[in-house]
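I am attaching a structure below and will ask some questions about it afterwards.
As written, the chain order gives the labels A, B, C, D, E and F, with residue 1 at the start of each chain.
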Amino acid sequence: MIQGKTLLVFSAHAADYVWRSGGTIAKYVQEGAEVQVVVLSFGVRGESNDLWKKPGATEDLVKAARKAETVAAAGILGVEWIEFWDLQDYPLQVDAILEERVVRKIREVAPDYIITHDRFDILNPDHNTVSQLIFRCSVMSNSNGVKLEGTQTTRQMQLFGFEPHQTELSGYQPGIFVDITDTYEKKVEAMNCFKAQSHLIEYYTQRAFMRGNHARRLSGRQEYKYAESFSRFFPVVSPELL
Amino acid sequence: MIQGKTLLVFSAHAADYVWRSGGTIAKYVQEGAEVQVVVLSFGVRGESNDLWKKPGATEDLVKAARKAETVAAAGILGVEWIEFWDLQDYPLQVDAILEERVVRKIREVAPDYIITHDRFDILNPDHNTVSQLIFRCSVMSNSNGVKLEGTQTTRQMQLFGFEPHQTELSGYQPGIFVDITDTYEKKVEAMNCFKAQSHLIEYYTQRAFMRGNHARRLSGRQEYKYAESFSRFFPVVSPELL
Amino acid sequence: MIQGKTLLVFSAHAADYVWRSGGTIAKYVQEGAEVQVVVLSFGVRGESNDLWKKPGATEDLVKAARKAETVAAAGILGVEWIEFWDLQDYPLQVDAILEERVVRKIREVAPDYIITHDRFDILNPDHNTVSQLIFRCSVMSNSNGVKLEGTQTTRQMQLFGFEPHQTELSGYQPGIFVDITDTYEKKVEAMNCFKAQSHLIEYYTQRAFMRGNHARRLSGRQEYKYAESFSRFFPVVSPELL
Amino acid sequence: MIQGKTLLVFSAHAADYVWRSGGTIAKYVQEGAEVQVVVLSFGVRGESNDLWKKPGATEDLVKAARKAETVAAAGILGVEWIEFWDLQDYPLQVDAILEERVVRKIREVAPDYIITHDRFDILNPDHNTVSQLIFRCSVMSNSNGVKLEGTQTTRQMQLFGFEPHQTELSGYQPGIFVDITDTYEKKVEAMNCFKAQSHLIEYYTQRAFMRGNHARRLSGRQEYKYAESFSRFFPVVSPELL
Amino acid sequence: MIQGKTLLVFSAHAADYVWRSGGTIAKYVQEGAEVQVVVLSFGVRGESNDLWKKPGATEDLVKAARKAETVAAAGILGVEWIEFWDLQDYPLQVDAILEERVVRKIREVAPDYIITHDRFDILNPDHNTVSQLIFRCSVMSNSNGVKLEGTQTTRQMQLFGFEPHQTELSGYQPGIFVDITDTYEKKVEAMNCFKAQSHLIEYYTQRAFMRGNHARRLSGRQEYKYAESFSRFFPVVSPELL
Amino acid sequence: MIQGKTLLVFSAHAADYVWRSGGTIAKYVQEGAEVQVVVLSFGVRGESNDLWKKPGATEDLVKAARKAETVAAAGILGVEWIEFWDLQDYPLQVDAILEERVVRKIREVAPDYIITHDRFDILNPDHNTVSQLIFRCSVMSNSNGVKLEGTQTTRQMQLFGFEPHQTELSGYQPGIFVDITDTYEKKVEAMNCFKAQSHLIEYYTQRAFMRGNHARRLSGRQEYKYAESFSRFFPVVSPELL
């Protein structure tokens, strides 16, 4: 049951959450879950190559463009709560203040599920930094000895990892395939907000098709047309076999 | 929902299915699933060391003792359908006739889930043989070009692997923890049918406690007291995050 | 330099070589290499699900259809030498006679490169059987103590592995990306011969796009639009860095 | 021969060394080795959940309780030298001053063996931090170019890793099983000092039973009733097979 | 203590045991252990390339040459009991008769240690076949339900694996380094019996130097000049840390 | 074609680049490539054990000796451009200033290939630090949003990793073998500049022989006498099979 669940997504750069979890996010919104997204950086230095090629590009202009794109995409996916922490990227750097901010955010939302970057990306050091940060902060958030005024200890939540761009080279292992057939169109529309990265739009459109093929093959459910996959940080715990 | 599901268990030797999945089997029976167990061998050569130490032990006597124990255990777990194929063990050998028999059995039962040995056991070659056999036959069963008179092609089912005895050395990775708090007592009682292996009774009693601890720690569900874990041959495919 | 090279492809079933190496094969033919393909089985039992759904399907009709498709595909790719060994599939079984036949074939062709199935496919036992068979026979072929009348010992050749269908779950690691931009159209046309498997046509069309994306990203060569990837059985040995 | 050996244990939190190496420590003390324990933090923030649930809990009270428990446990194990460095935990943070302190400690003790946390714990970032810290400092300690007034370069020592709580999920591989049958009772008594964590007392009591079972099975030595296992950072080097 | 130990070595081809364990064998003989060697094949087809290049080479001549070499080498190492089972190699094939013969041999010798091929060799299928055969038969030998007239069940022994020729590519992990400084000269002399493979003499002479370097580095024992390494099939079980 | 290629080598300590890539460097110089070497530290604390044993050794004297040795070695290899950044080692520490310096260097040279330390060295934390630093900076260098005055964004280059000293224990996998037969003598001469480390001279001389053996065995090219191997950070991307 999706209704009533709470989902918190941490995205290193402005578009990561759309490419890799846009269909799942839209589905959760549509079926009555609470979804919040935290965008840690706009990816100005590391993920805006096409914008920098425009004549007259400045950091401010690139950032504004990235923000406009991602706000539009979030709107299409139905995300009502999105935060931009506007950190520098490439490299994205972590200190104790940022750690506390993440712990506070997790405790404020008290999510059932966190989605963030998987534990290793062969080509993107920022993704690795964020993966470790969010994991570490989730552990702190769950520990009642970590006292932060105005916050309450959370209960152990499940963590899921985005597919990295080059999955095999990053040692990525799909742990779950989520059927996104019903929200696939929204995902495609949201991806189309990132006009400057048209090669990625096509890439992740095809990825949904490929993961749909896998989902059908592994489950025998012919109605699964499109899917997203995520790694699991922990195994399933359940009253029954799944 | 367990009710209405069909579960097929393949056990290399007489007691394997009790140590490693007795709680889950009892739960599935209790909650209205159909459960069938196939015991490929009585484990006369490889898993009856204590029985062979008795004066006057012969192959027939050992086999009879093993059969009596496992029938009793199945009764306690509530299993109504158990078959003994009475193959030789140590080594358990595979040929085309056995393969066809397994495919026929899978097609006859058309299970939602198959539970059998995981892909690698560092100390038990028979377990590895059975794991490969069942996997291969499940693929054949699902292929509609594999024609066997009187059978119907199955749909892709999920396969789960038993914990091997020495998990870390066998590279075992838990893929799911199933809460067995409600049937733990039955499992203990069933294990006690195998009197000649009292060290294993204690061992797998403790294992249920340990996996219960893990299940609580990973899920935050304090009501999970005892659990069994299984490896997954394939990832979860689902309409939602789990 | 492709011209003058000799390439030998072993395909477990009728269409495997097209989905996974059609672009590379067409390129090698086009640029003057000698290419030979051995199709071990028609995949009647395991890879013809759609054909079996046709009313009146028999083994002979399915086989004829598979043969017609793969002959047409080979023609489009420009393959002049293709052999059908017509073994049973699902399961494909190996004996000493088949081993000798493979060694003879390798010695007859004396290839620079062999392409066959990678070492592990999570869903296809036949692929694993063929991978081991071809590897083992390549070792025997290279040993001058393995005497087969009318044959000559070969020199160590490179072995490459096809992508399995579910790459991450099979532990597949790309070892080389081959640019197939120039022969991509031929590959698509050849895939279209397998009308009964239209979901795979789309799947492997997209795969060429995805691998092209990876090839560009890893090399910086913007002219690489489409690619195929293969695993390497052995590392590169070279007079220079590559 | 245990007599005359020197053993240095680094524990991230107050109780880690008891759960995971208490039997081995007691044995080494009992048989005449020199044993020193360094407790880096009291685990006030991360490993005192039960104490924080008591009404009126403050950091000072929790810390005092943790210290009293661990001092009592060390006494039961016979440890005469235990140090409390009282660092903050969750997260435990490393700087150059701490590194130097660790190097000084290692050089002062000049241990034959160091026991500390294994290289990966899936649920405890502090354990990972400490594992890397101790390894790095052991390398510096052994290098005679790392000059620290009043210290002498050490000789390469063996490093052993504690079992993490969730072994398989942490990729833990037992590298050695140490028989603790003679000191098992002391270990249980020492664990009972940590009253607030009774679920762990049972857990690690059972672990000694399980590892004893493995030790018997792998060695054929029926007299091994209880054991602890450790990972090895390096292989055995020996004048003979072991 | 080496004296009184029993060591059983299974070698796929005539020279494997010399290259990979000659120093350890000589040491065990010299220090009073009982050592037996079983050579499964002469390696006529797969490991006699240089002999086949001689004019007039026939299978009988090659075999005679291989036998003479390995008998001479065994003599230098001090091995008093060596058996030649004279199986065909490339491929070396296993059936139930061979399995029983291996079990009988293990039970007859009742070794403390078995040394044979490690679990994976990237370039030598026979080595992999033998590794699995010996492991499987050791399990059967230890099981008292496997009845073979005139034999007695063995106790669990340790199994060690030879270094494959290309260690990294075969995933080889050294589990123990055995100091062979005292018998290094004998090993070199024994290797020199295999005149037709002079490139391997130099190769394994250097290997002893390299492993000696590793052994010194990991242990700090400067007196270790030469060593052999072996993989471990199982961890160390011990009354103390090693 | 080596001529016209640009090669940039980052070496954690003074001699690392000679032991592990001296033959390849000499070959690239000899055949007309541009080669630059950056030595990050002189290895005064961690890799000068023998120099520190000399009476009267001070940091300045050790450093001067290390510099003289490595300058001499570079001269023999024909390296015209070598920089000494003179960082402290053991531990080698990274900050934002160093990161920028590395990015600037990469952009200034715009190399086709970077050679540096592989991703894991079991015994040398500095090597791991440098490996991560260089990889991270290569990503930043290639991103056109990372603005550094006076620099130009680079195109994706290939990264190769040095063999660590203990390859198997470090999980090292050779990705390419480079034939260094023609420059082997220069490499030996260059290694002989490091008189205080004679055990390493012999070690890496033998390593070239061993890798030459592997290169011949894997390629069948008998003219390859000596080789160096490197890991690959990324797969080969190529217009043809290699």
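As a convention for this text, a contact is a pair of C-beta atoms (placed from the backbone, for glycine too) under 8 Å apart; a residue touches a chain by one contact, two chains touch by 3 or more.
This structure is a prediction, so every number in the text was calculated from the model and none was measured.
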| request: Could you tell me which chains make contact with subunit B and subunit E both? | output: C, D
| Neighbouring chains shared between subunit D and subunit F, ordered by label | A, E
| said: Can you check which chain pair, A-B or B-C, has more C-beta pairs in contact? | reply: A-B
| note | Matching B-E in over half of the residue-numbered contact pairs, the equivalent interface among D-F, A-C or C-F is D-F
| note | Mapping subunit C onto subunit F via their CA atoms needs a rotation, nearest 5 degrees, of 180
| said: Centroid from C-alpha atoms only, then distance subunit D to subunit E, rounded to Å. What do you get? | reply: 38
| task | Could you grab the centroid distance between subunit C and subunit D? Build each centroid from C-alpha atoms only and quote it in angstrom. | result | 53
| request: Would you give the residues of subunit E that are in contact with at least 2 other chains, written as numbers and ranges? | output: 123, 169, 173-174, 217-218, 234-235
| Looking only at which chains touch which, which shape fits best: line, ring, star, complete or other? | other
| remark: Checked against the stated definition, the touching pairs are A-B, A-C, A-D, A-F, B-C, B-D, B-E, C-E, C-F, D-E, D-F, E-F
| request: Sort out for me which residues of subunit C touch subunit B in the complex. | output: 43-49, 52-53, 59, 62, 90-91, 93, 122-125, 169
| How about subunit A: which of its residues touch subunit D in the complex? | 99, 135-136, 139-140, 143-147, 233-235
| field | Residues of subunit C that touch subunit A when the two form their complex | value | 123, 165-169, 172-174, 199, 202-203, 206-207, 209-210, 213-214, 217-218
| request: Within their complex, state which residues of subunit A touch subunit B. | output: 1-2, 5, 7, 24, 27-28, 113, 155-158, 160, 173-179, 215, 217-221, 224, 227, 229-230, 234-242
